[in-house]
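So, here's a batch of structures to check.
In what follows, chain A forms one complex with chain B and a second complex with chain C.
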Partner chain A sequence: MSQPQAAVGAAAPRVDARLRVTGKAKYAADNSPDGVVHAVLVESSVGRGRVTGIDARAAEAQTGVLKVISHLNAPELPPREGQFPPGEPLRPLQDDRIRFFGQPVAVVVATTLETAQHAASLVEVSYDAEPVSTDISAAEPADDPETYARGDADGALESAPVRLDLTYRMARNHHNPIEPAGTVARWDGDRLTVWEKTQYVQGTVFTLSAEFGIPPDSIRVISPFVGGAFGSAARTWVQSVIAALAAREVKRPVKLVLTRRQLYFGVGFRPAYEYELRLGGNRQGRLTASAHDIRTESSRYERHSEHVLEPGRMLYSTPNVRQAYRHVPLDVSTPWFMRGPGYASGAFPVETAMDELAHELGLDPIELRLRNEPADDESTNLPFSTRRLRDCYRAGAREFGWHRRNPKPRSTRDGDWLIGMGMAAGVYDTQRSEAQASVRLDADGIALVQSATSDMGPGTATSMTQVAADALGLTMRQVTFRLGDSLMPPAPVHAGSQTMASVGSAVQDGCDKLRKQAITLAVGDEDSPLYGADAADIVVRGGRLYVKNNPTRGETYQRLLARNNRSHLEAMGSYAGASEAEKFSFYAYAATFAEVAVDAHLGLVRVRRMVGVYDAARIINPRLADSQAIGAMTGGIGHALLEHTVTDHRDGRIVNANLADYLVPTHADMPEMKAIYIEGEDYEADPIGVKGLGEIVIVGVAPAIANAVFNATGRRVRELPIKPEALL
Partner chain B sequence: MYPFTYTKAADTREALNAGRGGGRYIAGGTTLVDLMRETVERPETLVDISALPLREITVTKSGGLRIGALVSMTEAAAHRGVRALYPVISEALELSASAQLRNMATIGGNIMQRTRCTYFRDVTADCNKREPGSGCAAQEGFNRSHAILGTSDSCVATHPSDLAVALAALEATVHLRGPDGERTLPFADFLLKPGSTPNREQAARPGELITAVEIPAHPRPLKSGYLKVRDRQSYEFALTSAAVALHVRGGVIREAQVAAGGVGTVPWKLPAVEEALVGERPSDRLWTEAAEHAADGARPLTHNRFKAELLKRTVERQLRTVGGSK
Partner chain C sequence: MSTEHPVQAETPSVEPPSTPTRRTFIATTTVVGGVAVAGGLVAGPLTPVAEEAVAAEAPPGSRVSLTVNGVRRTVTVDNRTSLLDLLREHLDLTGSKKGCNAGACGACTVLVDGRRINSCLTLAVRLDGAEVTTIEGLAKGDRLHPLQQAFIDQDAFQCGFCTPGQIVSGVGCIKEGHTGSPEEIREWMSGNLCRCGCYVKIERAVEQAAGRK
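Up next is the complex of A and B:
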């Protein structure tokens, strides 16, 4: 018998909201184990070369400084193979080579943070600097592109009646969560405990195990709260290793927190690109061919790839497609996944080009997209599990008032402001991975559910509590969900919008198992009112088991457990993840609509309102979903108009490594935003019917804004972010 | 941050004594502490002057306004007299920083603000202002936010204050008190262009204390306002800005005060624009023609070429906003 759904679908507030807003939530750097001391990094001030000397005398002379560790005196770490991304991972303080500006070259450990900071500024490092290459426009790509082809794109482009040949550029972006990366490391003999800001506690165990050559089960990583991450904490970076290394050297627990500036060098970034896109079609607006050539940043020591080309491969029906993804190895730190990775980057050229084609053909941009809706996934020849993109367009157009858009650019004015409307589609693949969750129901009728997942912002603890409550037949208050400890049952990295599908399915499985155990116990118990009933007819609600069609016949978990002298019941839930040979093509979809105002003379762009419509299948909690969608639309404003990590290519220095010069939207930049979710489930994707939400919501926001800017001004800007000087 | 000693002055005499001994004055601390954290500033002694009696805003006998150096940005912006007499000052203040910073920061500190030039704030970069003779990384570096007016081969950093632009427009004076007594400097002489000594930013002598800024009386009625152009809606330094005050009588502009921000190494008074306005009748055409002079003498750099055009448009827009569309 399926359980009544009371908690899932409810707009429940976050179960940890009070802890978070009262400052009682303990983030990584809030932990101060007995005897903790402080570590501060010294970073390279050249972008490439070798360290020729380190003079730490002034630093070491400071009262309270315990040790200055550099490659000159750091213990040698065991050899380590790179796993992911491919390449040779950066090893901390192991050699004199400088691979990028801001690379840690030493760490100062002192009894107070202030002493460590000051002493770090006194460490004199000399370099043999070499010329740097950090500009993708000026550097050569690696000669082994990743390619994809179907049909004959070049031939079809040649003969296409309508052809667009466009180049798009996107600036580098940084994640910039509010909580900085932080690690507190403590050794107890050979055992290591780490309080870490991470989206993947067990991934951190894995990395530290490899770095120190110690067994994974001697390491425990704890991370119950994460203050935003956007992907930046989905990898264990070198400073975490340095914290543990320093703790072993000084034989005290060590706390190491990156400064805001250091976050621009240390925890990845969304890589810049140049994307050449050729589109061919007929006058009726049917695409016949597309060719995609992208050059994108990577470091020299690792090769980072993203799914930038996927939207151009499967979003629209196109018989002939050719794609090439070229890495440009540069003297930079390795890029890393940032919200909507790949897809958000790829949506800008593809969705802007569709708008350009619609304009060229005199077609409504939605109509053009409808004419190219594919029947199945042409990149895999698999049917879509669910694809409700048409519904997204329809609902979005209605809510937004798309019919009021004048297709003629520069035709709507409000005083000094030119008004424009734009839209774009979005897509993100539905990832699922193996996960487990333990469930324990105590004799007092309270359940504890645990999995080693994370909550960087979506409200994992809340949504999991909802799933567990319904599957157990309890109220949300009767369920506690815990996460963020590597000793808990395994969970995949909290990234790629896979947590709800993966961990949620494991939670449901575990709770189903436990509920069935209780039902089996009851129907076989002569003293139970449910004795002899058909287990399939029994449901549980509010902690009471009863016969569906005869609700008076039943009893509570508490009574059942007490009578049977059971202190608790427990079960382990699991989910196997995506199958090796998928039978369907799994994606979430979005349509984003934006209205902008552009100052006709000053070039300023202000977003006036946005509507986002999502086919993410089942929505567990609409309040949390809104928080994801509105946050992502806001992030999309940054992506479209503001965010731009600037590198000085003379020495590889990032010149705007702070939140005054790297601009993110303020509250004043946030307009009225509305999110709509297309109803429906996707049980082909996973047992709880979700497709993931946190990533799809940002995919398409930037091109929707860019297209609105074109509608407002008649100026097509093919470079993000769109700045006033491009519109003067 | 380098270690320092901290003393709190009970009165002006104590403050001046400490200042004479080389102490750095600190009030709101919103710039200084920031720069100390970056080790750009390394004062050995901080003299907290927040207890000094410099918190009054008074209307002077002649009808001008005197704002005590320790008045917070928030208080000054909200003050009835300031709002009524010089809206340009309130607007410049309210478009600055964030509410939290405006609550802390003082008027004296505001005009002592140091540049936001990224190379100045990064101690690993070459900067003549921070380290005379080391060179200027901004000239050939990333200089989108940098100055196009008043620059030199040594320095192209902008002055970051919005308030200072309004004060420059209104030809304010700065009241100073030092070991040798009191003196008053025209605002135009208080902030220094970089020349070959960009490390010298103000004409204040060592140990001198700003006690107040004074805005002289201007003929009434005076319409004034401030426009700040920036990438985002709030909490950003100006790409360009314009402070405009106009006295129109009998349909003719009798007095025009115009200054620009975000473009100069100091707040940039625009006499050519003012001259083009005085004696003329307000019209949209006049605004456009006068604003054509706004970027006279501009020396753009690689990434800030757009500023010359944007400045003209900013001044034009603000002339129209203050003077009316006709």
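Up next is the complex of A and C:
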């Protein structure tokens, strides 16, 4: 018998809200184990070359400095192998090679933070510097592109009645969560405990285990709260290893928190690209061919790839497609996945080009998209599990008032402001991975559910509590969900919008098992009112087991356990993840609508309104889902109009490595925003019917704004961010 | 930037001159109900520092008395210590967050004598006699401050990291009377960044607590 749904679908407030609004939630750097000392990194001030000397005498002379560690005196660590991404990972202070500006070259450990900071400024490092290559436009790509093809794209382009040949550029973006990366490391003999900002506690265990050559079970990583991450904490970066190494060297717990500036060099970024897109179609607006050539940033020591090509491969019906993805190895630190990775980058050229084609053909941009809706996924020939993109267009157009858009650019004014409307589609793949969750129901009727997952903001503990409460037949108050400790049952990295599908399915499985255990116990217990009942007829609600069609016949978990002298019941839930050979094409979809006002004299763009409509299948908590979508539209404003990491190509330094010069959206930038989720489930994707929503909500925001800017001004900007000077 | 420029205060150090093997420490003395309690000791090295340390001086420190969340604290601080680091590393009040340490993000916002400030940009030695209110000092026992409750009601946070600064800043904004319209709230809250993008809901929460909703 399936359980009544009471908690899932409810707009419940966050279960950990009080901790977060009272300052009691403990983030990594809030931990200070007894005897903790402070570590501060010294970073390279050249972008490539070798360290020829380190003079730490002045630093060491500071009272309170315990040790200055560099490659000159760091213990040699065992070799590392088989890592992701491919390449040679940056090791902690193991050699004299400088791979990028800002690379850690030494660490100062001192009894106080002030002393460590000052001493770090006194460490003199000399270099044999070499010329750097950090400009994607000036550098050569590697000669082994990742390619894809179907049909004959070049031939079809040649004969297409309508052809667009466009080049798009996107600047590098940095995640910039407000919480900096931070690590507190403590050794107890051979055992290592780490309080870490991480989206993947067990991933941090694997990395530390590999770096130090110690067994994973000698390491514990604790991370119950993550202060935003957007992908940046989905990898264990070198400073975490340096913190643990320093703690071992000074034999004291060490706290190492990156400065805001260091975050621009050390924890990844959304890589810049140049994207050449050729689009061919007929006069009726049917696409016949597309060719996609991307050059994107990677580091020289590792190769980072993202799914930038996917939207151009499967979003629209196109018989002939050719794609090539070329890495440009540069003297930079390795890029890393940032919210909506690949797809958000790839949606900008594809969705802007669709808008350009619609304008060229005199078609409504939504109509053009509808004419190219595919029957199935043409990149895999698999049917879509669910694809409610048409519903997204329809609902969005109605809510936004799309019919009021004047298709003629630069035709609507409000005083000095040029007004425009634009829209774009979005897509993100539904990832699922293996996960487990433990469930324990105590004799007092209270359940504890645990999994080593994470919560960087979506409200993982809340949504998992909802799934568990329904499956156990308890109220949310009777369930506690804990996460963020590597000793808990395994969970995948909290990234790629896979947490709800993966961990949620494991939670449901464990709770189902436990509930069935209790039912089995009851129907076999002569003293139970449920004795002899058909187990399949029994449901549980509010902690009471009863026969569905005879609710008076039943009893509570508490009575059942007490009478049977059971202190608790427990079960382990599991979920296998996506199957090796998928039978469907699994994606979440979005349609984002934006209205902008552009100052006709200054080129200043202000977003006035946005509506986002999403096919993310089942929504566990509409309140949390709304916050995620509004937040992503906000982030998308940054992506479209503000965010731009600027590198000085003379030495590879990032010149705006701070939150005053790297602009992110603020309170004052906020438009009116509305998020709508199309109703529906996707039980082909996973047992709880969700498709994930943290990423899809940002995919398409930037091109929707860019298309609105075109409608407002008649100026087509093919570069993100769209800066005022491009509109003057 | 990995370092801050140390600021030399005129106040002479209250620490005796150091010796190479002497443990430096910064004592934090808390006066609660007339009883002096030593707490928050930050001990120095267990091992002797390098020989070059012979010439080293202890960092200049000063004695400061301030009231934090209604509790009088008398502390001897390194003159370089910011109010934020004093709160976080010495007084065990980790609710105020360090997001940028440069006054750009507002995660460290606290009230000093009723005015909101960036505690990362404020040297603790300047605050003799000051009254400091942090996120930990807003609730009355189990009863949340109306703005804390409004943040929960409006779901005005996701990761929660900027939240303490947003809430304290919002309390200041309300006290200043800058809540006449959503636009005014947005303008006067713009010193507090939220990367999860909860601004719309933060503005509603401030409106709710200001009694406009």
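In the analysis below, the second predicted complex is superposed on the first by the 727 of 728 C-alpha atoms of A that agree within 3 Å, B and C clash if a C-alpha of one lies under 4 Å from a C-alpha of the other, contacts with A are read in each partner's own complex, and residues count from 1 in each chain.
Convention: a contact is a pair of C-beta atoms (placed from the backbone, for glycine too) under 8 Å apart; a residue touches a chain by one contact, two chains touch by 3 or more.
As the structure is a computational prediction, the values presented were derived from the model and not from experiment.
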item	value
Greater residue coverage of chain A in the superposed arrangement, chain B or chain C	C
Partner chain(s) touched by A:T666 [first = chain B, second = chain C, both, neither]	both
First, second, both or neither for A:G459, with chain B first and chain C second	second
First (chain B), second (chain C), both or neither touched by A:T634	second
Touched partner set for A:V21, first chain B, second chain C, both or neither	second
Chain B versus chain C as contact partner of A:H118, first or second or both or neither	both
Touched partner set for A:N372, first chain B, second chain C, both or neither	neither
Chain B versus chain C as contact partner of A:Q517, first or second or both or neither	neither
First, second, both or neither for A:S218, with chain B first and chain C second	neither
Overlapping contact positions on chain A, where the chain C interface meets the chain B interface	114, 117-118, 121, 658, 660, 665-669
Residue numbers on chain A that touch chain B, as the complex places them	45, 114, 117-118, 121, 416, 601-604, 606, 641-642, 646, 648, 650, 653, 655-656, 658, 660-661, 663, 665-669, 723-725, 728
Of chain A, residues touching chain C in the complex	13-14, 16-27, 29-30, 32, 35, 40-43, 57-58, 60-66, 111-115, 117-118, 120-121, 176-180, 225-230, 250-252, 257, 259-262, 455-459, 623-624, 626-628, 630-635, 658-660, 664-670, 673
Of all residues in chain C, those that touch chain A in their complex	1-4, 6, 18, 24-26, 42-47, 49-50, 52-53, 55-59, 78, 80-81, 85, 88-89, 92-102, 104-105, 107, 134-136, 138-139, 144, 148-149, 151-153, 155, 157-164, 167, 185-187, 189-190, 192-203
In the complex, chain B residues that touch chain A	1-3, 39, 116, 118-119, 121-125, 137, 140-142, 145, 229, 231-237, 239, 306, 309-310, 313-314, 316-317
